[in-house]
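Look at the two complexes coming up: chain A is in both, with chain B in one and chain C in the other.
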Partner chain A sequence: MMSLTKVSLSNVVVMQFRYKLKAYSGVFLALMVVQMIGILLSILGHGGTSFSNGMYTVDVTVSSPDLVIFLTMIWAFMNAILITTKAYREDDFTFVSNRLSYNLSNMAFLLTVCLIGTVTALLTTGIIRILAYVTADIDIFLTITHGVTIADFVAGGLATFLFILLAATAGYLVGMMTQVNKGLIILLPVIIIGLNYVTQSSSNPGFVNMLEFYFMEHSFIMFSIKAIVTILIGFGLSIVFSNRLEVR
Partner chain B sequence: MNVIECEGLVKKYGSLNALDHISFSIKENTITGLIGRNGAGKTTLLKILAGFWRETEGTITVFDRRPFNNLEVSMNSIFVDDMMSFTNTLNLKELLSEAQAFYPNWDAELAERLLGYFNFNPRLVHQSLSKGKRSTFNMIVGLAAKCPLTIFDEPTTGMDRAVRKDFYRALLKDYLLNPRTIIISSHHLDEMEDILEDILLIDEGKKVLQLPVDELKEYAVTLSGRTAVVMQTLQDKEVIYKRNVDIDNCSVVVRNNFLHGEVKQLGINVSPVTPSDLCVYLTKGQGGGIDDVFNKSKSV
Partner chain C sequence: MAVIVSLVPLLIIIIIILWFVTLKKRLTRKSLTLRQSTLIFIVYVTILLITTVVSLFLPSSEANIIEDPHQSEEWNGGLYMKAMQGEFSSIATSKISRSWEIPYTGDVITLASDYYDEGILVEKTDELNGQIEVYYIKDWQTLGVNSVSMDVSEYTPDMDVEMTSNTLQFVSPEKESTIHLAFNDLAFPMKQLIGESQFGNGFGSSGSSFFYIRVPRNLNVEFSDYMYIDYVEN
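For the complex of A and B:
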């Protein structure tokens, strides 16, 4: 007689996670393409101002990886949707899986790729500076180093990571909801825009408020709490929604 | 010990009952053929067994557990069909080593040898394979996984006759070496009746019968002879299917639960019915044959 194999959830999640790192390698290619486009656009269209006292004109050009980070957020959003689709799900259920292990391994995967996306996005700062220096006609090259502590740098990096992860969570939740019920593809924007319209008033500009809730938070600690709670709720809802999903 | 217990299982799609109060059990270490016409509910039943789909009503247990969303059932069973999805970023050889990580009983040597025997280029990706090759590769995964419950849903789709024969033989040999519970749904019952132990015949979501193949071979006989004589003998018999050859002669399929001597004396020819034909007769609707569709004058 063949004896039954006992399983632990964590073992299966780790196996699925490792499988995903290999199987979903297209995600990394997309990341490279997106960030290269971000770098090019940053150099071509950098924002700037001009001062003049009649005799001298000072052109100030600011280069930053903001655009790259923004594009990385879009990449995270799209990829999170992508991995909830039927084709990707069926890959999982070909081998050992249940819905919880499927979700948990997806989240571990998203966490990992978002971390990689954050690191590479931040590293483009240097590339953008060098390329800006090489391509533009620059006399004085200024970088802010004074008063920037390691703690600030870490906080900046963490905030970037949380922003990208928020985008991934949003994508994952949207993707999972549409997998559970195709009707939600239409309902979801209707609900968001509708709610926004209903709650709008002079003191509450609606949708803008929702974005401000995250983007205009000046306290790093507060932002982290908001972001982490949102991410946990988003992933939690995805697990609940997909737990009764029929697969294959 | 029963690996599968199913009691009053119902699966609804809207108002349609794909499975309609079906009850059966499958013993450990047997090969069962799941037979039925197109749309009889075979795939629905197998997907519920594998834990992919949810039952609407009734109880189903696999290894004493409800299969839906059960990790232990998933670990100890494999579902093979022609829609198995593999990533196209890994080639066939890499896919096999990934599968090895998931299945504790994985037989890497068997997988490798079968891959070689069926002339696979291990550097190809699954999507680039032809339909028959894809089914063959899926079969290799199903065999090498050596799961205590192995489910093949129409595993021979697209395979040519030679590969189908090889598949049945490989399955039987591997089963003898590593007995396990295997369920195969197929339309080629005549080809695989030699490897099956039991047959579960379903029609329109209901169980028609579940019998060992040997009993199914004896289940019915065909009586053929002069129509008038044959009709006379039918009174105390269970008629399964009537086939009029012409007005003078006819042949009728009946339950084989009577002594053949007396009908033979009347000049009626008694011949056996193959399990494959019997399954078709047992699941044929009352609407006559395909000829009636084309025979307009008759239907008017």
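For the complex of A and C:
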């Protein structure tokens, strides 16, 4: 039976996006568990340094939300892979949709969950600080402002969001590629490890070190451009790969 | 007690894992509803918000950050070199943490310590007779932590001296001689954007605290080879 109701692409995308937010609520519980483990591991494995002059020792314990952010990036990567799997793809057939609306709603979903992941990851700073204070036998808690301004905090928050979104984009692309060809599940890690090996063993200056490309960029504008361009390319390629998927 | 408290995070991780293992069977029968999931997540976010606010009221002290200890004159050479060149009198009294005037009429004095490995300066002077003066000068103590270098001298205890027979012993003032400091570092994306290294800048620890001992000129000073002792150039 044919439907006479005309729906626009944006309406379909919004409907699919809303559906995914409700249907994939487990993503948020997973985020919560991942971050809780990150918080506890941050307390257990905090960094630090010490100095001793033979008569007394100064022991400095350092805690930060870095591990929580890294685990949130892994969570984003894994969830992005998960939503490209066949079981999740089939959910989209609940609506009258096409590949483009499917991809756009997935991207909107990933953007939203990454934003929530970023906010909660950054908010863990407080609980890490309190737990560090309670669990470690600390005499004095030092604060370091680094002369950081509100603008620096905002830029840092946005950079954190972009890092998590980069991880999600990588996961989405990897997920889509492996859906097109299952052989890539084995081939991709081999290629990535191989490239990493080449980077480490070769002194070729023309080869861009991927980690330095993102993690050593101190300019917020340059970092944003790099991250946004990478995200756009990643999602663009994902759309191209998804068009090669079999129809239902 | 502290050991037990420090194990709490590990116990919570084990509880989370066990909770998931036991819950797995229950989830297969009936998973959480959207309402329950939303509620749990809202509680989690609320806890994070409350703890963020509470953490702002934790007793804390602003760390004394040293921008570049290798460039600043204040952190180089310092008071030790000044005192060694005979300019002890120009050292500000605020830098002299402790001082002792000890009557001593012997011909030989032995300097000794079981652990003290910082500098000791000895000034032989005609101004003293029948007594020695000991000063403990505490200028700065840098400690490199991740990408920052901070001065922790205000948290370190002052040293003490004990005179027994003809031996001047440098001792630690407290039995419990570990000072536990802590700080919460910025998240790595923020440090990256303010131009700080993610992996530390290689600053080690160094400091400027030492004993300055004034003795009568005719007093012989003996000490072990492992002690760092210099004489004032006068």
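One rule holds in what follows: the second predicted complex is superposed on the first by the 223 of 248 C-alpha atoms of A that agree within 3 Å, B and C clash if a C-alpha of one lies under 4 Å from a C-alpha of the other, contacts with A are read in each partner's own complex, and residues count from 1 in each chain.
One rule holds in what follows: a residue touches a chain if its C-beta (ideal position, glycine included) is under 8 Å from a C-beta of that chain, and two chains touch if they have at least 3 such contacts.
Here the structure is a predicted model, which means the values were calculated and not measured.
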item: Fit or clash - chain C, chain B, common chain A; value: fit
item: Partner chain(s) touched by A:Ile239 [first = chain B, second = chain C, both, neither]; value: neither
item: Touching partner for A:Ile74 - first (chain B), second (chain C), both, neither; value: neither
item: Chain B versus chain C as contact partner of A:Leu188, first or second or both or neither; value: neither
item: First, second, both or neither for A:Leu111, with chain B first and chain C second; value: neither
item: Touched partner set for A:Leu82, first chain B, second chain C, both or neither; value: neither
item: Contacts of A:Val134 with chain B and chain C, given as first, second, both or neither; value: second
item: Superposed arrangement, angle subtended at the Cα centre of chain A by chain B and chain C, nearest 10 degrees; value: 160
item: First, second, both or neither for A:Ser25, with chain B first and chain C second; value: both
item: Which superposed partner A:Arg99 touches (first chain B, second chain C, both, neither); value: first
item: Partner chain in contact with A:Lys6 - chain B first, chain C second, else both or neither; value: first
item: Broader residue contact with chain A after superposition on the shared chain, chain B or chain C; value: C
item: Overlay on shared chain A, then closest C-alpha pair between chain B and chain C (Å); value: 6
item: Doubly contacted residues of chain A, that is, touched by chain B and again by chain C; value: 22, 25-26
item: Contact footprint of chain C on chain A as seen in their complex; value: 22, 25-26, 28-29, 32-33, 36-37, 40-41, 43-44, 47-49, 51, 53-66, 69, 120-146, 148, 152-153, 155-157, 159-160, 163, 215-220, 223
item: Of chain C, residues touching chain A in the complex; value: 2, 5-6, 8-10, 12-13, 16, 20, 31-32, 34, 37-38, 40-41, 44-45, 47-49, 51-56, 58-63, 65, 113, 115-118, 141, 143-146, 148, 150, 152, 155-157, 159, 170-172, 174, 177-190, 192-196, 198, 205, 207, 209
item: Chain B residues within the chain A interface of the complex; value: 28-29, 47, 50-54, 63, 69-72, 74-76, 79, 83-87, 89-90, 94, 98-99, 101-105, 146, 148, 178-180
item: Chain B-facing residues of chain A, complex; value: 1-7, 9, 12, 15, 18-19, 22-26, 87, 90-91, 93-101, 243-244, 246-248
